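The letters A, B, C and D name the chains in turn, as written, and every chain counts its residues from 1.
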Amino acid sequence: MQFKILPIKENRKLNSRYFVLKVPDKSISAQSQPGQFCEIKDLESDEPLLPRPFSIYKVEENTISFLIKIVGETTRNLSQKKTAEMISILGPLGNGFKIPKNKSVLLISGGIGYAPFPFLKNKLQKNGNEIQWLHGGKDKYDIFSYDITNYTEDGSIGKKGLVTDDMPFILGKNDIHTVFACGPNQMLKKVSEICEFYKVELQVSMETIMACGMGVCCGCIIKYAENGEVIYKKACKDGPVFDGRKVVWDE
Amino acid sequence: MQFKILPIKENRKLNSRYFVLKVPDKSISAQSQPGQFCEIKDLESDEPLLPRPFSIYKVEENTISFLIKIVGETTRNLSQKKTAEMISILGPLGNGFKIPKNKSVLLISGGIGYAPFPFLKNKLQKNGNEIQWLHGGKDKYDIFSYDITNYTEDGSIGKKGLVTDDMPFILGKNDIHTVFACGPNQMLKKVSEICEFYKVELQVSMETIMACGMGVCCGCIIKYAENGEVIYKKACKDGPVFDGRKVVWDE
Amino acid sequence: MSNLEIQIGGMKWKNPVTVASGTFGYEYDELFDLSQLGALVTKTITLNPKKGNEPCRLAETRAGLLNSIGLQNPGVEEFITEKLIKYDKYKTNLVVSISGSTIDEFCQIADKLNPYDNIDAYEINISCPNVEKEGLAFGVEAEVVRELIAKLRATTDKDIIVKLTPNVTKIEEIARAAAESGADIISLINTVLGLAVDIETKASRIKNGIAGYSGPAIKPIALQNVFRVAQAVDIPIIGMGGICNTEDALEFLMVGASAVAMGTANFSNPLITLDIIKGLEMYLGKNNTNLREIIGSFKLQ
Amino acid sequence: MSNLEIQIGGMKWKNPVTVASGTFGYEYDELFDLSQLGALVTKTITLNPKKGNEPCRLAETRAGLLNSIGLQNPGVEEFITEKLIKYDKYKTNLVVSISGSTIDEFCQIADKLNPYDNIDAYEINISCPNVEKEGLAFGVEAEVVRELIAKLRATTDKDIIVKLTPNVTKIEEIARAAAESGADIISLINTVLGLAVDIETKASRIKNGIAGYSGPAIKPIALQNVFRVAQAVDIPIIGMGGICNTEDALEFLMVGASAVAMGTANFSNPLITLDIIKGLEMYLGKNNTNLREIIGSFKLQ
């Protein structure tokens, strides 16, 4: 884990909703695993006070990048950052995905849940896994790649429907060892029900509001069922990747 | 008095310290007198909370403008405003200068104290007054015009010294009816002592921290001596122009 | 158009939006028709004229404002002869804020104001942190509040609004004392005690020392206090403290305020009260609801 | 280089900079050598393990943070076996923050920790707003504080730091009770009670309801309280509440704190403590002064 103040190397707008922030880095990347994240703070504005967690999207030679959705103040500010403006980065944080070897795996992403998967896919491939990837969104603006199976609610691209629609079929037909999922809680809950039914391992990446990002403040709790008891896990340290079948999905 | 949300028409940088902000306006200008001011707020940032008072610098056809010195957060933000960005303006506020007729008058300005005087000079001329104007600053960056007598502390432009250095001489030699002064408190205090000695009328424009700008909150008090008693005057409503010989100059 | 009308104490307000004492006056008349507000609240008036505190009286801090005006006002006599008449033309409720340093002073002021029918209510400012001995307001003790409000109640039929300070351990006790002794309405919060240091001069940025803290920074504190008071008493509440926009106002209504007041926000935007009236109207329309459903709709857990 | 060393209670600190309980742990070790701090303060430990409150536990507001962690901690036994040893390697003072819901609980914890020599002081957290009955901390009553500290004093020679809540009418009384009953040091402020409403769900943004408010928004409140306590007692003070930079730290030292602690600011910048140590050094050098001249140099008027 490192804390660095780095200049923006590239800020690429994908559409009105998403952008990719790239910063020069070797050392954080070198330590990073898919599913880990960094806490990023815009150094030009005092507010918000807290840095914000973003999954590591891509690790390339000499750079690390983040795929970001504009939802509030920090993400709006970051979307307007220009090359050479400074941000702070704390990371890598969290546990990251466990990578199986030579298995069939299924990736399910919804919206910005796409972010940690390119890095994950890379590692999965290196470990000889066979990968299917379903991605879903509201509309075409939520679609990032044509090389995967896309679903949109409005049918503007890919199949019309939810990313979970075909999951039972796929899990029923194929010998999937692990499902990896990232996206809105509702989607994750649905995915976990399906995986529970088909008794397939599930690794989900969870989102919560965080402060320290390193397991100190106990602010980022996820409810988790273990041995018939609900316990609290720290999303930033015990997670953000959890066994999706044990996460307690409140309404 | 009006409250308006207006786009920047022009933001002209004079040097690293000063800029002129111009907005389209007819109605505030139409009501304005020299020495009056407006409260301006940058609408793009929540902070500072309070708008800031700025003297009316120039009233031209269809525009009103402000000469601003960068000293803190608001002035820094305003200095970076681009054409068409919005600010709010409340004004005109305050009493303004009393304009004599067909007299000899002396203008003394220090640094940003220059701001209210171009508008004042205009009105003074229209009323047949004969005007001498001494302006002082730390260095050449505090100098705005070569048509007046300039003093700089470092001698980089004009006479080396303080703007008050030659005042006794001028007041002793000439039949000055009124002195108008605007600048740092130390300068105003000195000016008031000289005017007191020569028994010349003195109108000073005072600066204080303000909130409402319209006489409501009682936040902007100036200490004033009247009938042997120290009373409190509201800089925003009773001022900002006061009889400089009655202002109580705390250290 | 949604109906924003509320009944609060003995008054009918055309909307639940008013102003915080000391931050608003008829001077705003030049900018808009003050009759549009649910009520007008005057700056606090005392028995005798008050010169107020030495300047500097204001200091801005992050998301907040410190002030120590020291209740500068012309005293009740001049208020009656010079100011009261200026409020006559507004077709809305008039609340006169009053303060004293003894119970008797409060009663004397009320006695002088009672004959004026255009006054609908008194706001009893027992919370200004700047003038009472030890810097603490005398509104920090429930028993004193009880005695004060009972005495005032006996002098007047006008609505009595008791304005509470947040600078106490158990605000519920003060609120209950006010309600039980005859207050019609509670308003809160007054400013929070605060201090800012000028590290150059090693002195307070406010000449008088400790000051009153207001603005967005105190909003969570205000909401917390309004909620607790709403749980403790049955009389209506006017909520304030850092309200800057319609969403803020809704938070206060939800935790139990029947009306809201803007203070510091008037300085940032002198039309903020109108903006919030419009905002509330739009919110109610859009959500197809009414004020009664909103007020107190917050559930703690 | 300026000498930042201070004597505080029975401890020597290499500089007057520490961390606020609950916001910092040995996890920061990965980022810098924690031995550089004047002292380390642990998260609050209770007798038995505490699961803490239901999420959501955090909500950011303008210039502030609301939290309701609910003192989640493994309990004193596990703290001793698992955590205490991790602090061994740091060449600085170790302060263990402890809390209980009865006086006896506090004493039991101290009894268990007393044998460990690497603990230099206890910080007695009587101010956490989240766990005590009625939402009020039991540190709001001077008599209870007096009894608690007297009992604890009898059990230990380690320094006793009493951490005060600002959510009281007269903080001086609590501070005096602590000092008179044997506290060596006072620390303040703990969080201010606050609430934020999610207007969509009409529920608290923090699941547990009323929460603790920290960050820059509370700085004027903290300064005001530190100043008042510094006037009331002679024992040293550790000041905290919204400190974000060297200037903020200087404000606290000037109003009478002998040392400062950063809480929420650690989240914005995990190296903030080092930045402030460097900043203080530079300030003292530049102004050719020393800590003794700065501490308490503020004049109220």
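Throughout what follows, a contact is a pair of C-beta atoms (placed from the backbone, for glycine too) under 8 Å apart; a residue touches a chain by one contact, two chains touch by 3 or more.
Here the structure is a predicted model, which is why all the values come from computation and not from measurement.
S.K.: Which neighbours do chain A and chain B have in common?
M.R.: The shared contacts of chain A and chain B amount to nothing, since no chain touches both.
S.K.: Using the touch definition from the top, what's the fewest steps needed to get from chain A to chain C?
M.R.: 2
S.K.: Farthest chain from chain C, comparing Cα centres?
M.R.: That would be chain A.
S.K.: Taking each chain's centre as the mean of its CA atoms, how far is chain B from chain C in angstrom?
M.R.: Chain centres of chain B and chain C, defined by C-alpha means, are spaced 35 Å apart.
S.K.: I'd like to verify one number: the distance from the centre of chain B to the centre of chain D, where each centre is the average of its C-alpha atoms, in whole angstrom.
M.R.: 48
S.K.: Starting from the mean Cα coordinates of chain C and chain D, work out the distance between those two points in Å.
M.R.: A distance of 34 Å separates the two centres.
S.K.: For chain A, jot down the residues that touch at least 2 other chains.
M.R.: 46-47
S.K.: Tell me, which residues of chain C touch at least two other chains?
M.R.: Chain C, residues with two or more chain partners: 62-64, 216.
S.K.: For the complex, which residues does chain C have touching chain B?
M.R.: Within the complex, chain C touches chain B at residues 22-25, 27-28, 30-31, 43, 51-52, 54-60, 62-65, 67, 69, 72, 215-216, 264, 266-271.
S.K.: Could you please specify the touching residues of chain C with respect to chain D in the complex?
M.R.: 61-64, 66, 136, 140, 167-170, 192-197, 199, 202-204, 207-210, 213, 216-221, 223-224, 227-228, 247, 250-251, 254-255, 297-301
S.K.: Looking at the complex, which residues from chain B come into contact with chain C?
M.R.: The contact residues of chain B facing chain C are 1-3, 41, 46-51, 88, 90, 208-223, 231-232.
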